[in-house]
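Going in written order, the chains are labelled A, B, C and D, and every chain counts its residues from 1.
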């Protein structure tokens, strides 16, 4: 199973995402922002980082990268796409996911081991978890506050599209403690925390993040 | 039009503003002698900045020499590149090499905390890249005025946000540092930044411009009028060919971490394809420094076509272009046959790259401006043969009185309740309180190789996923100890950093240092500097760890009042197998807690004397490098085969602080009996800062083995007690719940800084 | 050369942590009587040639797609008179 | 309630990475003829009561100490007419 990992200028966790894919048993294929070709991958990860410095708005410039054209099309057609942190921001800016991410309410960058509750296990990226399962993965961002209007928030809740929620304290002011969401079809998921940093006890707080990558691999085999 | 060499030759009598540029009369005379004529304005600019204290090390050179001249054989054998290059390079085995260095960005961080600190990180990262290495982590030893001072509230949050803002955006994990508060740093905060990089032996690059015909390529950001405040006198006062606009050149720069990130990627691809002969970062003194050093280290000369330098501000004059300290730029020497590939990689990363010069056989550095020669100098005289001063120094008149003012008369807590409340106040004191308000703003996960990071004793990063080889790094410094005795103070900084690396199961290998002092023109300060460098050199020799590079920051003073002399020492160690790392926190119930080392009644200069009594006097803890080394040998032995579950050094705040940090780390308490420590004096046992000590926890069945090994290295061991429960209990004296400890330890910085 | 200014502000219903922090700091520094602060972005675009209606429309397009995110922000575009 | 606007821009000689990023993105999106972009901050202060000269002087003080760092930034203060 080939999982593409996109590198934008300023992507930082692309290597980590590729490593996580390998640890989960997949083949990581590096995709380049300027190449409008997905190279026949079976799923795509948009990794964390500061694409183009994120000076304007996080993800605002990256969403216009050539690779995004085929990606948006494929995602609309059902290709599993996971946006982590900056990748989540890119997905929101691209309107593949609703809402937006703004500056943390305490205005500081925050890096910590974050407890999360998996709220939805019907997405392409969370089927390996049990509903309600608590996991710990690193969170690290300056602009991780998820915002959307009430109507959108109610819709997300109502349709079961809130995928992960912060527990044990809201680290950034996200509305309704939302840490990650999915599109209606469940193939596109975005979240602020970094599951790719929790795939190995040696370098992360544990291995709770691995499930995101095994989920998609299992799903793909099943297809 | 800038002044040409011909014009300078024709007008020897012109009055030049060398004093405004910081050159002394005799220095200016020497330039005239070197050139056999008066310098052009561009040459004058170049010499003035390269002969400044910052670039030439003219006051410190005679003292720093000891670091390279006095090195043990064993130590130098692991050194692949020694002092003098952008950073030293150390062999860590399996064909891997590591380069690391610490630098200061003190003054800019006071003026504009965010950008000053940010560009400090940017600068040290480029230094590491210029050795051919991939930067893999950063650290940030920081010092501020009193924690509750209004100005500290302005400076600290900005500095921390700047270090995070830049480092996080580069994708380099921050794996450690220091946050120290002391009134002596009010008005002169110390912002030091360390970067470590790794490479294969064969990939080491040097800043050499060799091979006539090779091209000099400037790549990265366009050049603006950054950091050239001083040189504007050339434009506005003397050599103007008419009315000039008042020069508004900024003294502070704004960093562009995104530019630096793509520059890193670009360099790594260029290195991987082996496309450069030499490489140099642009930092202080910009192109003046980069071109003269490249040429001086090379085998010939160099011609630079200055008008080809891409500019952000087209009004810049040639002197200013030479001097500009615009960030995020690098300079490479490239064979013509490789140029196309080099430029292609730059284009792929959208990095501006321009051929600005050529290596030649002239033995001269010449700079052309639209076809005219405006600089024609022997490069060594600019880069390496600047003035050297033997500044006068003398033991300060007040030193004896300071040392005589021992803390023995200070009231000490004695009852159980006094000890308990003292401990709670101490763990909440700004210098000992949890630093997570700071460190939570730094990404420690990126790159996926961080094995240990703050608040552990040392940062440990994996270098190689196949062999599990890694490196450990710690930085330490204690300005109070150095004020009491600068010779011992520098040694104590080394001693502590060495210990932090050792208790992380790493073998200490090499040292970098950032020497933060007041004005070298003050004989008191110069004495502190001379003593500190001598102390550090002696201790490095004895511990067998060479200084591989570092940085000197003088003039950290307000008026006549200098900061506490603050040598900050970084120690690098190698970890053969990062999977065997030993964290600092107690991990399981029922492990046996042991203290390694000897505790003496040593409270002078301690956190206790400082926090509880505002007292600084006496002599710092006795330096005991032999004991430090024995402890290091023991931990190296334990690293290979032992059951040790937790290990933590004892330093600032004494055993009390060490135990508190160990119980809080994972929420596993402990009960200890201090009867066997410091002759049963519980206060001394808890708060003394004697060196060469560590606390370890071992399962009961591992104790005998540990005792046997310790005795073979002559390391004294005291059995303290066992882990478990949710209190820290000092048997027969007091108990504190982890909740109460945590509340005290973690509330301080958030309460101060929001 | 003409200048077009694009101001981008968070929509009123979106939390503005930066503005809030400023609003809280002001009274501490002795500045009173300020009921609220919002912090936004100001872009100054230097335009080559004349600023025609067509150019302005183009810039409005850029403001809407790139310079702001309509989900959370409002923007205004105006030509700045040279002073 | 009156509104006072404080615009804070990096001094012209200071590098503006944010503006640079936008300036480089615009042509990629097909927006041409823009010679330069600078990005700054816009603060909207809601003022209770009347904006007297004295109040304005106070706000200028706040702009200089809190809202900007004069070492790298310039600011302007103006009263915005209600629209």
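Basically, contacts are C-beta pairs under 8 Å (C-beta built on N, C-alpha and C of every residue); 3 or more make two chains touch, one makes a residue touch a chain.
Bear in mind that the values here come from a model prediction, so they are computed numbers and not experimental data.
A.B. asks: Name the chain pair with more contacting C-beta pairs, choosing from B-D and A-D.
C.D. replies: Between the chain pairs B-D and A-D, B-D carries more contacts.
A.B. asks: For chain A versus chain D, what separation do you get between their C-alpha means, in angstrom?
C.D. replies: Chain A and chain D have C-alpha centres separated by 34 Å.
A.B. asks: Take the average of all CA coordinates in chain C, do the same for chain D, and state the distance between these two points in whole angstrom.
C.D. replies: Computed from C-alpha means, the inter-chain centre distance equals 8 Å.
A.B. asks: Need the CA-centroid distance for the pair chain B / chain C, whole Å please.
C.D. replies: 40
A.B. asks: For chain B, write out the residues touching at least two other chains, lowest number first.
C.D. replies: Within chain B, residues 256-259, 350 contact more than one other chain.
A.B. asks: Return the residues of chain D touching two or more other chains; collapse runs of consecutive numbers into ranges.
C.D. replies: 17, 21-22, 25, 29, 39
A.B. asks: For chain A, give me the residues that contact two or more of the other chains.
C.D. replies: 52-53, 55-56, 61, 64, 106
A.B. asks: Determine which chains touch and list them pairwise.
C.D. replies: In this structure, the chains touch in these pairs: A-B, A-C, A-D, B-D, C-D.
A.B. asks: Would you pull the chain B residues touching chain D in the complex into a rising list?
C.D. replies: On the chain B side, the touching residues are 111-112, 115, 221, 224-226, 248-259, 312-313, 326-327, 350.
A.B. asks: For the complex, which residues does chain A have touching chain B?
C.D. replies: Residues 9-10, 12-13, 15-16, 19, 48-50, 52-55, 106, 108-112, 138, 140, 142, 194, 196-197, 200, 202-204.
A.B. asks: Chain A touches which residues of chain C in the complex?
C.D. replies: Answer in residue numbers: 10, 13-15, 17-18, 21, 66-67, 69, 71-72.
A.B. asks: Show which residues of chain A lie in contact with chain C when the two form their complex.
C.D. replies: On the chain A side, the touching residues are 56-57, 60-61, 64, 92-93, 98-100, 102-107, 145, 147-149, 173.
A.B. asks: So in the complex, the part of chain A that touches chain D is made up of which residues?
C.D. replies: Residues in contact with chain D: 52-53, 55-56, 61, 64.
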